[in-house]
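Provided herewith is a single structure, encoded as structure tokens, for subsequent inquiry.
Chain naming follows the written order as A, B and C, and within any one chain the residues start at number 1.
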Amino acid sequence: MSDRKRENERIDTQTLEQLQLEQLQSTINRAWKHVPFYKRRFQSHGVEPAGLRAIQDIAALPFTTRQDLGDDYPYGLFAVPLRDIVRISPAPGTTAKPVVVGFTRSDLRVRNQLTARFLSAAGVGDMDVVQICLNPGLSNWARALKEGAEVVGASVMPFTMMSTAKQLMVMEDFKTSVLLTTPSYGMHLLDTMEGLGKSARDLALKTVLVVGESLKDSDRNALEMALGVKVFVGYGPSDVLGPAVAFECPEKQGLHVNEDHFLLEIVDPRNTTPLPPGREGEIVLTTLTARAFPLIRFRTGDVARILEGPCACGRTFVRISTVSGHVGNILTIRGVKTHPTQIAQILAADPKTASSRFLIHLYKENHLDMVEIWLEMTPLLFSDEVKNIEQVLKRLRKHLFQRLGLEATIRLVESLTFDLEDIGPGGVVDHR
Amino acid sequence: MGIAMTIWDQSRECMSRDQLEQLQLERLQATLNRVYRNVSFYKKTFDRIGFDPEDIDDLGALSVLPFTSRKDLAAAYPYEMFAVPLREVVRIHASSGTLENPSIVGYTANDVRHWQDLVARLLTAVGVTRDDVVQVAFNYGLFTGAFGLHYGIERIGASVVPASVGNTRRQVSILKDYRTTTLVCTPGYALRIAQVLERMGIDPKTLALKRGIFGGEPWDEQMRTAVEQQLYIRVYDNYGLSEVMGPGVAGECLNRQGLHLAEDHFIAEIVDPVTGQILPDGSTGELVLTTITKEAFPVIRFRTGDLTSLDRTACPCGRTLARIAGIAGRCDDIVIVKGVNIHPVEVGPILREVTGTEPAYQLVVDRDDAYQDRLGIRIAVSEALFFDKMEKQRVMVDRLRKKIRDTLGVTPDIYLVEAASIGTDSETAPRVVDKRTRGKPGA
Amino acid sequence: MLRLKSIHTYYGNIHVLKGISLHVGPGELVALIGANGAGKTTTLKTISGLIRPTKGEIDFVGVPIRGMAPNKIVRKGLSHVPEGRQVFAKMTVWENLELGGYLEKNNAVVHEAIHRVESLFPVLKKRRHQLAGTLSGGEQQMLAIGRALMGWPKLLLLDEPSLGLAPIVAHTVFQSIARLRDEGMTILLVEQNARAALHISDRAYIMETGRMIMEGPSRELLDHKQIKRAYLGKGYREVWESP
């Protein structure tokens, strides 16, 4: 069975389409039968599983959005009974309700195999020592990457929260050869190394794999030059799927989508009409093999285009460009996806700031995404004792971090500021 | 089905002594052959005493070998203690609570598999099945606790919720919404959860929670009772340490008369912590463990520093594996605070870095009303530490607190005290004063 | 069933077995794997009494057998099939089997035993009246095993049953061994073909230069990277190893 999986990466188009159709049909059947949400949704669109006769018929099915994922919290979207679930991953989600993703044993196995594909395409093997530096908001991915690295036989350190200097110390001492991180953290690492007077020679790094954010060509060059490494990109929507839905091969001509497990569509974000290859649009994914948590026509919010033509590496899976942007209001901060309303909710939940207006400013500092929340000073919040106000801000920061994985600074501003800004309260100013 | 349901691996957990000792001997011989060939530290130690692995003709002969200490492991940093090349290693964990002086432990794919099975044993022994939802409230990271338990839970097919630590309100929401049946954390944290439940107005009786499986810090019967009464659950003890494997070394069964030790993977000895003499069954002494299946990171006669006793009599549960008593305390300088191992000597260099001198100091470990561990550091005031301005002193203390937190992983309370109240002679003044109760569980 | 505790064996001055411990439980098929010269055959010969160990204990069905004469050990129910397919070439298959039952005086019992062996190895029934020397290598091996089975021993020691056989023939031999185990026979198997041995056995020991270096369930060892490299050939490839 494992040999067949390797062959899959070079599967011919006809066989792939047959495989996809079979898997799609059974996914739709399972979702219809076991997930009330999908049944309701299909019925309200007047579609039923039997109508799906070809892959193209998927266009008749309704989309699933991030808003939908919080429905029937916590276990409502599971397509298998709880006793078949071996892992439940709480994710902050991007709406009021957290998203709870479940995995069966086979789901985990598939995810680990796909991660292993990504890693081995980048040349990671049993001679490597792998270190993972991801934002705590991506801890589900940190586990996924760790397990994938174990599958290819590398020595893996599970992710640990440490200062960058300490990460570097570990990297040096443990003779790390492969770093798994986000592009911005990679750049931040470069700066820290410079500050500490360290160079690539102090490290044993060979390969850097980045996930979570799109990688600018200039950053790729900077990382490759300064560290003397090869950089590879993996893609997945961090809130619901693994880090290796698509991955770069050594040709570095786009990312191969694991089409034996996901069905890819690119649609126009405005009217959701499917777009032909070459046209940029929103990535829509349908899981083909997920048992516990199937997703049907999930709108990722990520923008990319399909690259046409075969790849020199011999893999037959379709390629997409690196993600060039996002649609909708989802913010991607250090790889973690957040919706501004989630920040609003945390502020509203605190009695001292319930009536305060706010603005979210995003900027880069030392290559890292920074969040600054401009918070309106109100009589409710005001106190003669600075200490009291500080306490409120500390509390908010803590909640933002624990609930959303965001490390934010909070700046108190006069009410006037809001009247001067073009953007309404609760809005986002992205200086990145 | 009765017994089969509560015993994960009957063929091993219920072996006759005779069979078990044969298996132990076979595995010990193979382990000694491997370490002698592959680990230079053991080759040197064995050669020094003129020992050849072929000299081990029975289990008793193990006692001729020298002990392995934490210091030996740290000296081998990073990879010198590994008995296999790095390419065989799939997982790396750090053993100590700090990264200043860590030792690195590695696991081969087989080690990881055994680890999962041993954790599956201890979970099964307290009734966890695939129908359970298990919430792991340990920190996922370089230390072994969370991951070790996590994969054991997946092994038996229960649903694991990797809740990690922090934000107790969120833990409580998960506990309630996800219908968690089994809570895995430190006993202190369970009491904290009980407090937050009360504050949130949630009646623990309305939860699906049935049991708690606790470890990671010293605790006693009083705490067990407190958790059981406050959360309306049954509570079980388990024991493990990173140097030897992680959680899964020993665990209680439903009878709760000591922790069954996985003797088919570890050979246990109880020794006098001062003389190193082997003590008879039943007497309390330092637990010494030898791994007999570990491939990547075997340890021979490792001094755990944990005080306990050994009971080889039959247990009504049907398991024949010997039981150790709940850990009664430690006999070395390490203190475990909030699950983090702290060597008191690590504080000195931090003091020097921040203050420019190294004043006399003492660690005081205590528990607050909510059973949370607290670390206090008493520092003798000297000329160098005396500031005219309170403000300056406050800044220094703040820096110290932050630096210690960053280095040791626990935020301390800093007390500046008269030098005389500590004493500067380490012979007479203990480096650590542990005021936590250390009653013996099960006693 | 069988238990060795810290066995030391010498050939003259050469220390061949350096403290070997192993056990075989009732109904188990245990494989002993190692390179040439590791001491596998010596271990079998030591068990069946052909070589005397200098130190250590050997228990068979709870009785110490160290130092006992080989024929006494056979009478206790331990049967050793040495390597090299030792059959009497000038005798027929039937005669070879009859000879295997020499301990039994009652002819009816012997014939019943032959039928039992023939049902295990149907090919022997087909060749019943052929001279053993005219059999193929695989058939001779089955005959050798069949002869050892005549007394229906409690424990069967098999030394390199696949040696010198074509892969496809070796495969049938291994299948027969697996079937024997399924019939309840307890077997200690010495093999150079580690992959096949691990596939059919329950547990295995890995031997190197007279010492045991590993013990475990066979399916675990099959997965073991070091063992794969050392004994299963380097040709294996994993799924993700890039093309």
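Heads up, the rule we're going with is that a contact is a pair of C-beta atoms (placed from the backbone, for glycine too) under 8 Å apart; a residue touches a chain by one contact, two chains touch by 3 or more.
Not measured: the values here are computed from a predicted model.
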Exercise. What is the chain whose Cα centroid lies farthest from the Cα centroid of chain C?
Worked result: A
For this session: Point out which chain occupies the most central position, where each centre is the mean of Cα atoms.
Result: B
Problem set entry | Intercentroid distance (Cα basis), chain B paired with chain A, Å | 34
For this session: Starting from the mean Cα coordinates of chain A and chain C, work out the distance between those two points in Å.
Result: 56
Exercise. For chain B and chain C, what's the span in angstrom between their mean Cα positions?
Worked result: 45
Problem set entry | Numbers and ranges of chain B residues touching at least 2 other chains | 87-88, 109
Seminar exercise, completed: The positions of chain C in contact with two or more other chains are 225
For this session: Would you mind listing the residues of chain A that make contact with two or more other chains?
Result: 125-126, 153
For this session: Spell out the part of chain B that touches chain A in their complex, as residue ranges.
Result: 77-79, 86-94, 99, 104, 106, 109, 112, 130-131, 133, 140-143, 147, 153-154, 157-164, 166-167, 170, 174, 177-178, 406
Problem set entry | Touch list for chain B against partner chain C, complex | 19, 22-23, 25-27, 29-30, 33-34, 37, 53-58, 84, 87-88, 108-110, 113, 293
Seminar exercise, completed: In the complex, the residues of chain A that touch chain B are 73-75, 82-90, 100, 102, 105, 108, 125-127, 129, 139-140, 142-143, 146, 149-150, 153-163, 166, 169-170, 173-175, 402-403
Problem set entry | Touching residues on chain C, where the partner in the complex is chain B | 3, 5-6, 8, 15, 18-23, 55-56, 205, 208, 211-216, 220, 223-226
